[in-house]
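Just below sit the structures, each encoded as structure tokens.
The same subunit A turns up in both complexes below, where it pairs with subunit B and then with subunit C.
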Partner chain A sequence: MITSDEVEEVIFHALEALNADLDPKDQIAISLATPLFGSDAAIDSLGFVSLIVDVETALIVDHELTISLADDFAASRTQSPYSTVETLRDYILTLAAGQ
Partner chain B sequence: MELLGQYVALRPLRVDDAALTLGWRQSDRATLLNRGATSVAEQAAWIASRPNTELNFVIQLRSGQPVGMLSLVNIDQINRRAEPARFLIGDPDLVKGLPVAVEAMKLLYELVFDQLELHRVYGTVVADNRLMVKWQKFLGMKEEGRLREHYMIGGRYRDAICVGMMEDEYRTVALPRMKALIGTTIGDNPVEPGGFHDHQ
Partner chain C sequence: MEPHQGRYSERVVVVTGARKGIGRMLADHFLTEGARVIGLSRGDAAITHANYEHRSLDVGDNLAVKSAFAAISRSDGRVDIVVNNAGVLTSVHALLMPSSRAEEMVRTNFLGGFYVACEAAKLMRKGKFGRIINIGSMASVLEPVGDSIYAATKAASMTLAGVLAKEFASYGITVNTLAVSALQTDMLGQIPPDTIAAVLAELPLPRLATPSDVFNVVDFFASSESSHITAQTLFLGGAHA
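So, the complex of A and B:
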């Protein structure tokens, strides 16, 4: 079973990869509280999709965990799983526990 | 033809959008697009001369604030295909926190597959534009090839990635993902019936 620390590491690495594609003035400060998508986020739609793609890929390649982070289940959640790194981590752990 | 979404609308590009759209096209964000017109008069002439195989839109918030542009070009009713093109969010500050880009693409794909009843969309993306390549693939496009040194941008040749998506891939891959991204945003930012955020 993937751990909370491992999921955080996957997300942080994906954010670091995103920063590598962004201009210096658009760099994302990386922490558990980093807003990912929504009114407080500094990441635009293209950046957010890049993040999701990299996280899904790393979960498959590094942890043999095949999950979809953007589907009807995600949309049905009362709180958006994309609000912050922390909510995305918790959402991934929920999906992993269901497998 | 105007296409209405929950956050944005696509309305036809008009000649009097020339100054606005020229400014977007000449911004740093459009570095990896073809430069095109260099004056408002040229841009106006270009808009006026669009052929009937194209549908060109301004992306606007439901308040009426224009924020970007998006086109459907090379509409081919015989082979039932078309090419999404000229996708640009011109004013990123106005769309911060809103799924504007996602919903604009969803509206265009609904036009393609539900109204025009086409079979396929396709296009090319500058290979260096890694975020756009990921974006297109995440939203259902599959890589179909690579055109070497296809574009001259910024003084050097750049490869193009060819992408395409069939109707069934749109319905099974792209549409659920777009709905998820739009739906989760709505969860955080409730929209009153008939009212929309125009700025976050």
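So, the complex of A and C:
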């Protein structure tokens, strides 16, 4: 079973990959509280797509965890699982536990 | 033995429906031109070649497609060219079409191409290069009797290609469609000869297509020089909307 620390590392790594393509002035401050989606987020729509794809790819390639982060279950949740790094981490752990 | 040097000697190519028909022809073509080829189809491998790897799966099964591309990511780290060829055909009057066959055509011909294109694009975007080539059909515009769902799935795939071309453009990925006319394959064998003759008669160039006709267009779409060619459908034989 994938651990909370491993999921955090996957998300942080994906954010670092995003930062690598951004200008120094646009760098995303990376922490558990980093907003990923919504009005507070510093990530544009294409960046968000890249983030989700990078996280999904790392989970399946490096951890053999095949999950879809953009599904009906995600859309139905009261709090968006994409709000922050922490909510995304918890959502991934929920999906992993269900497998 | 020196590796074969051809126009695709540095390329990793995925061909769906690689066991027979156009997919088999194209897999052989890419291998002849030096590519590493990964074939995806429901059956077992039909090609034995040092640069060929086969994965048995249903392209309409999204999880299976995701797993296959994860394995490709681990083994090759990239995909350069995808040929979305896998397709099934049931040609029968709409009022007699079994729902199971209709759903299978939608799942394989349309959703399968979508799943494969998306998983491929996830790998292609890292290298800022990708060529997604869909094998379409003149049926999408000629709308032959009996091909209700088949023709509709091919038309839907052309529309899908247009949207994906926009969404994937910033990754250096092009998405184009080769709409074949009639080619001597197992699939064509399912259609009565007089029906084929009648459909071909509607074309400006009323003859069966040849493998070289197919290779010519696929090579054009796959070329690195075709970076400004996307969202296009090329009809063999001159069919048009």
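Keep in mind that, in the parts below, the second predicted complex is superposed on the first by the 99 of 99 C-alpha atoms of A that agree within 3 Å, B and C clash if a C-alpha of one lies under 4 Å from a C-alpha of the other, contacts with A are read in each partner's own complex, and residues count from 1 in each chain.
Basically, a residue touches a chain if its C-beta (ideal position, glycine included) is under 8 Å from a C-beta of that chain, and two chains touch if they have at least 3 such contacts.
It should be emphasised that the depicted structure is a prediction, and the values quoted were computed from it without experimental measurement.
Enquirer: Once chain A of both complexes is superposed, is A:Val53 in touch with subunit B (first), subunit C (second), both, or neither?
Expert: So A:Val53 meets both subunit B and subunit C here.
Enquirer: Touch check for A:Pro81: first (subunit B), second (subunit C), both, or neither?
Expert: After superposing on A, A:Pro81 lies in contact with subunit B but is clear of subunit C.
Enquirer: Applying the touch criterion given at the start, work out whether A:Ala41 contacts subunit B, subunit C, both or neither, answering first, second, both or neither.
Expert: Touch partner of A:Ala41: subunit B, not subunit C.
Enquirer: Which of the two partners, first being subunit B and second being subunit C, lies in contact with A:Asp21: first, second, both, or neither?
Expert: first
Enquirer: Touching A:Thr66 in the superposition: subunit B (first), subunit C (second), both, neither?
Expert: second
Enquirer: Which of the two, subunit B or subunit C, is in touch with more residues of subunit A?
Expert: Comparing subunit B with subunit C, the partner touching more subunit A residues is B.
Enquirer: Going by the contact definition given at the top, which residues of subunit A touch subunit B in one complex and subunit C in the other?
Expert: 46, 50, 53
Enquirer: Under the definition above, what is the set of subunit A residues touching subunit B in their complex?
Expert: Interface residues on the subunit A side: 21, 37-42, 44-50, 52-53, 70-72, 74-83.
Enquirer: Going by the contact rule set out above, which residues of subunit C touch subunit A in the complex?
Expert: 62-63, 66-67, 70, 73-74, 122, 125, 170
Enquirer: Under the touch definition given earlier, write down the residues of subunit B that touch subunit A in their complex.
Expert: Listed in rising order, the residues of subunit B that touch subunit A are 89, 92, 95-97, 99-102, 130-132, 134-135, 137-139, 176-177, 179-185, 187-189, 200.
Enquirer: Which positions of subunit A touch subunit C when the two form their complex?
Expert: 46, 50, 53, 56-57, 60-61, 64, 66, 68
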